[in-house]
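Both complexes below contain subunit A, partnered by subunit B and then by subunit C.
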Partner chain A sequence: MSTKKSLPVTAYPLWLASPLALAMLLFFITPLLMLGVVSFYSDAAMTQWGSVANWAKTLDGFGLTVLLDTLWLGVQVTALSLVLGFALAWSFLRMPARLQPLIIFIVMLPLLTSVVVRTFAWIVILGRQGIVNNFLMDLGLIEAPLKLLYTRLGLVVTLANVQLPLMVLPLITALQRIDMNLSDASASLGASEWQTFKKITVPLALPGVIAGCLLTFSAAITAFISQSLIGGGQMLFMPMYLYQQVSALSNFPFAAAISLTFLATVILCVSLFNMLGRLSRGYANG
Partner chain B sequence: MAHQKDFSTILFRGTLGFLAALTVVLLIAPTAVVLIVSFTDGYSLKFPPVSYSTRWYVELWNASHLHFAAMNSIQVGLATTLLSVVFGVLASLAIVGSKSRAARTLDSLFMSPLVLPALAFGFAALMTFSAVGWAVSITTLIIGHTAVCVPYVIRTTSAALAQMDPALLESSASLGASRWYSFRFVTLPLIRPGVMAGAFIAFMSSFDNVPVSLFLRDARTDMLPIRMWQDLEGKLDVTIAALSGVIIIFTLVMMIVMERVAGLSRRLRQG
Partner chain C sequence: MTSRRQLLQASLTLGALQLFPGMSHAQAKRLVFATFTGSWEEAHRAVLVPAFKKATNNAEIILDPMLSVDQIAKVTAARNNPPIDVMLHDPGPALTAIDQGLVENYPVATSANYKDLIAEAQEETGPAIFFQVVGLTYNPDKIKTPPTSWKDLWKPEYKGRAGITNLNSTLGTGFLVEIAKMFGGSESNIEPGFKALNDLKPNLAAVAANPGALATLFQQGQVDISPGNFNAIQILKARGVPVEFVIPKEGAIAFKTTIHIVKNSPNRELAVALIEAAMSPDVQTKLMQSPYLVVPTNSKVKMDGEIAKVLAKDQADMKKRFVFQDWKKINEQRAQWIERFNREIKL
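Let's turn to the complex of A and B:
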């Protein structure tokens, strides 16, 4: 009774969250914990428990190569996305105000469009008879179509585009928060636009840069569909590595070890980004 | 000196402006390309098409395996949205604005599916369901999708709740309204656009979900994105272009509607 009275009229009791909390414990946390248990079975039939064989296999030469290559893909995609995204966000703020909603719409549409559809579009663009090849051949720059699908370059360009909205939206928000007077002051003191950009805009936008990089990076390394359709069978990244163990080989214990390795790596990267985010916010405000 | 500075300014603005224009083109291109190629008359994905027709839309009309997958995806999407809204709004009410340790912990728990790789969760869910003897079905798909879609509803609802003026609830209470009455007639109407935006994003992300469906579906519960992926892996089927065209038009129309009724873009950017 007394606790009920102390709850202000503007607040709601915490137990309202209990249905979701219970559901998440049962259907989200429990499965993730099960991964840990299952990963210690030494055989696919799950009869022998208590072996670290799967962990050793996950982190051996081949497994580690796949993991590192996946992370490297994430870095490449994020870097390209950042360059394109920053240019768009910077220009967005200098556009006529009536164009801005249109740009937001153009950025949002891919975010909500099915990822299979977006990846399919890039198959059409990069294919042997696709736009890029036809254009280059019409110009006479190449004689035979280039192989763009199933290449690293094609995959990086596709992923950078598919994930671009995740980069642009936080960047626009961050740049909008910067006081325009600072740039004006910098210019009136004789700094060139490039100096102002380097010394004022980029440092103050760092929190947005880090937020955008975090979202783009995690989306790029987990992008199963784009990796499989654009990268093709020659390239193996963590999501496909995991899927193959489950669907083709039914090796659940090994798949569990791969899942947890991937999970731990993502958590590590997220914590790293968050730490950088805190540092940059201190820098931007201080 | 002044001349040199002008030149560097022009170069700087030109570079960024050019990159921005390129980015806008790259953002529009996929959608435009798919829409154009879906009206091809040929059997290949040659761009631009040699001649145009609606034959692939007619093919799509007869493609029963795609209809089956689409119906499953819509069914799972609607059920997931309903569950996400009910669970998500209740949870948002409980945790928004609260500084207590329990509320912060719950918030991190509810948001964690956005950060953790959903593929690992999809596989873990498959293993758990089979361990307790639940065969994969529409129900297990709905459970898995809800776990990864509920954060979107919580985010937009919490943002809408945080913007509410507490004085409204105080005056409502001082006029004798019960907590439930205030919720029904003050809070709910004010947060409705936020909830609707969250529900829309939850539906679209369920409809588009790959990582969870990949593990929790089988031939009887085929899901549209997985069906499309498998069709594209095998051969480049132009029917998929027509299907993509339909999905794009649907998304576009829904986006415009949601922008009008729920201020979608503002809410997406808060999140």
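Let's turn to the complex of A and C:
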């Protein structure tokens, strides 16, 4: 047996990452830097450089409202997904093993269809003559169709459904890893089911919760198609704001400022979630 | 004498060319025409491309359908060696492309068909090869008396049943200008238009993000009346959706769709040949017929079919019923209008 000191098997030389790093530098970092340069032009035709006017406009009262409203939408969608997703993941682990693949398939199904198709399905569900309205009218609960499409509520529900797999899958993984004996132990020590859930299950599932929230949140705030088809043209979120400047006005400098602001905000949120994730892992393992 | 090795090499090369037919043509000239997506592409592929091939002794042409903004972005990114030879634009983007120096003037003096275009279609920067027409769209199952005026949108009986689009689209912007005019404003005085939009709020079931989304809302019964694009409505109608198109008594909003030679295009001659074909009465007559229903700009085309029935029976009638807007003025202010719409039109 050799006593020569070798690298641990899990450590790989860093240079193996260089092709990827080069590709990222060329096709991701460089365009981003160019975007940064473009954002300092003061006019749409890009002749006057060296102005912060676009940045000021992005972060003025109105721009800030749009940004905060977009983040608030993300929070609403994430909260709803978490409630639905947690319940689903919880019951998934308690159902007969032969049903589980079926449930996983159903959960994954939305991921296998195009986001446009999923969104149009929701138009059919929420429309004035849609499934929800027809059902409520048949039951005699409402006289005239409710307005569900093109409302905030409709948008939040749709996004929560569309992004649900992103929440459920990490949750299932996290809940699966919890040793069932812990709940039994907790119960045998006299804790009620609610106490066990609060003190044992939730803290141990926290890494999964945070991973799910992170994915759902970032997917919800950037979901341009669902936002514009279900929310409509009078709701303005960052993706639509950006698209509007590019497509209707060809104002690339302002669009660049909007997109970089949005990107920075998303990165900030993601790092915040990541920090929480690290803390929670420490909590769960420690 | 040819050695066996040479023979083998030659046959391998030929075999490879057989496998990748694109390679052998890579050096040949071919024209890239950025048309619009969907039904426009279908119509151009079926009618314009064969006419172009006939006129140019089978020159190669590629239809690369994309949005106006993508056309402009791609040409701007490579001004000296543009990836597109011929662009197609709505009035707003056309002016942007012209202002940014992306297009070359059309050689009108030597053109056979240009002089036959109706006056509104004659633009040296790029002639209009068809018009897009915006009128009132309604669901005949729900609305028994057809609307006759833009003002009908404000009728109390349509509470929560009307739809519009936001200003991102040519349709939405054109509609705002039209209602401003109706209430005493103009391209340079949009105030009455915004006031009218605010008054319309109780009737609005939807502010769609784009005209396509608006059209599908008829299918869901979400919207029963809205401004609509003639061609988009014909597509819905053909699929059995209950929709009808009428020209309001104030006139239909007409947008020129212009075709442009891209500056520095290496295929200038072919580009001219394509545009000539697109202006010719022959092509425009074929495109006017069902299922394409493209509104002609050549005065020699005899109107007939659905277009004659619904839009205009001849060119004189067209002049009476179509309203053209001043897009130069509109473009100057569009950014402010969009900003104002963003702030004010919340449902």
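The working rule: the second predicted complex is superposed on the first by the 265 of 286 C-alpha atoms of A that agree within 3 Å, B and C clash if a C-alpha of one lies under 4 Å from a C-alpha of the other, contacts with A are read in each partner's own complex, and residues count from 1 in each chain.
Here is the rule we use: a contact is a pair of C-beta atoms (placed from the backbone, for glycine too) under 8 Å apart; a residue touches a chain by one contact, two chains touch by 3 or more.
Predicted, not measured: the structure shown is a model, and the values here were computed from it.
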Superposed partners subunit B and subunit C on subunit A - clash or fit: clash
Which of subunit B and subunit C A:246 touches, first, second, both or neither: both
Subunit B versus subunit C as contact partner of A:236, first or second or both or neither: second
Dominant toucher of subunit A (residue count), subunit B or subunit C: B
Touching partner for A:203 - first (subunit B), second (subunit C), both, neither: neither
Touching partner for A:45 - first (subunit B), second (subunit C), both, neither: second
Touched partner set for A:228, first subunit B, second subunit C, both or neither: both
Partner chain(s) touched by A:123 [first = subunit B, second = subunit C, both, neither]: both
Clash with subunit B (superposed arrangement) - responsible stretch of subunit C out of 74-82, 146-154, 164-172 or 326-334: 74-82
Footprint overlap on subunit A, where subunit B in one structure and subunit C in the other make contact: 120, 123-124, 127, 129-130, 228-229, 243, 246
For the subunit A and subunit B complex, residues of the former touching the latter: 9-17, 19-21, 23-24, 27-32, 34-35, 38, 83-85, 87-88, 90-92, 101, 103-118, 120-125, 127, 129-131, 134, 161, 164-165, 168-169, 172-173, 192-194, 197, 218, 221-222, 224-225, 228-229, 239, 242-243, 246, 252, 255-256, 259-260, 262-263, 266-267, 270
Touch list for subunit A against partner subunit C, complex: 44-45, 62, 66, 120, 123-124, 127-130, 147, 149-150, 228-229, 231-234, 236, 240-241, 243-244, 246-251
Touch list for subunit B against partner subunit A, complex: 5, 8-9, 12-13, 15-20, 22-24, 26-31, 33-34, 37, 44-48, 87-88, 90-91, 93-95, 97-98, 100, 102-103, 106, 109-110, 112-113, 115-121, 123-128, 131, 143-144, 146-147, 150, 166, 169-170, 172-173, 179, 182-183, 201, 204, 207-208, 210-211, 214-215, 225, 228-229, 232-233, 236, 240-241, 244, 247-248, 251-252, 254-255, 259, 264-265, 268-269
Complex contacts: residues of subunit C adjacent to subunit A: 67, 69, 72, 92-93, 96, 99-100, 160, 165-169, 172-173, 205-210, 213, 216-217, 220-222, 334-335, 338-339, 342-343, 345-347
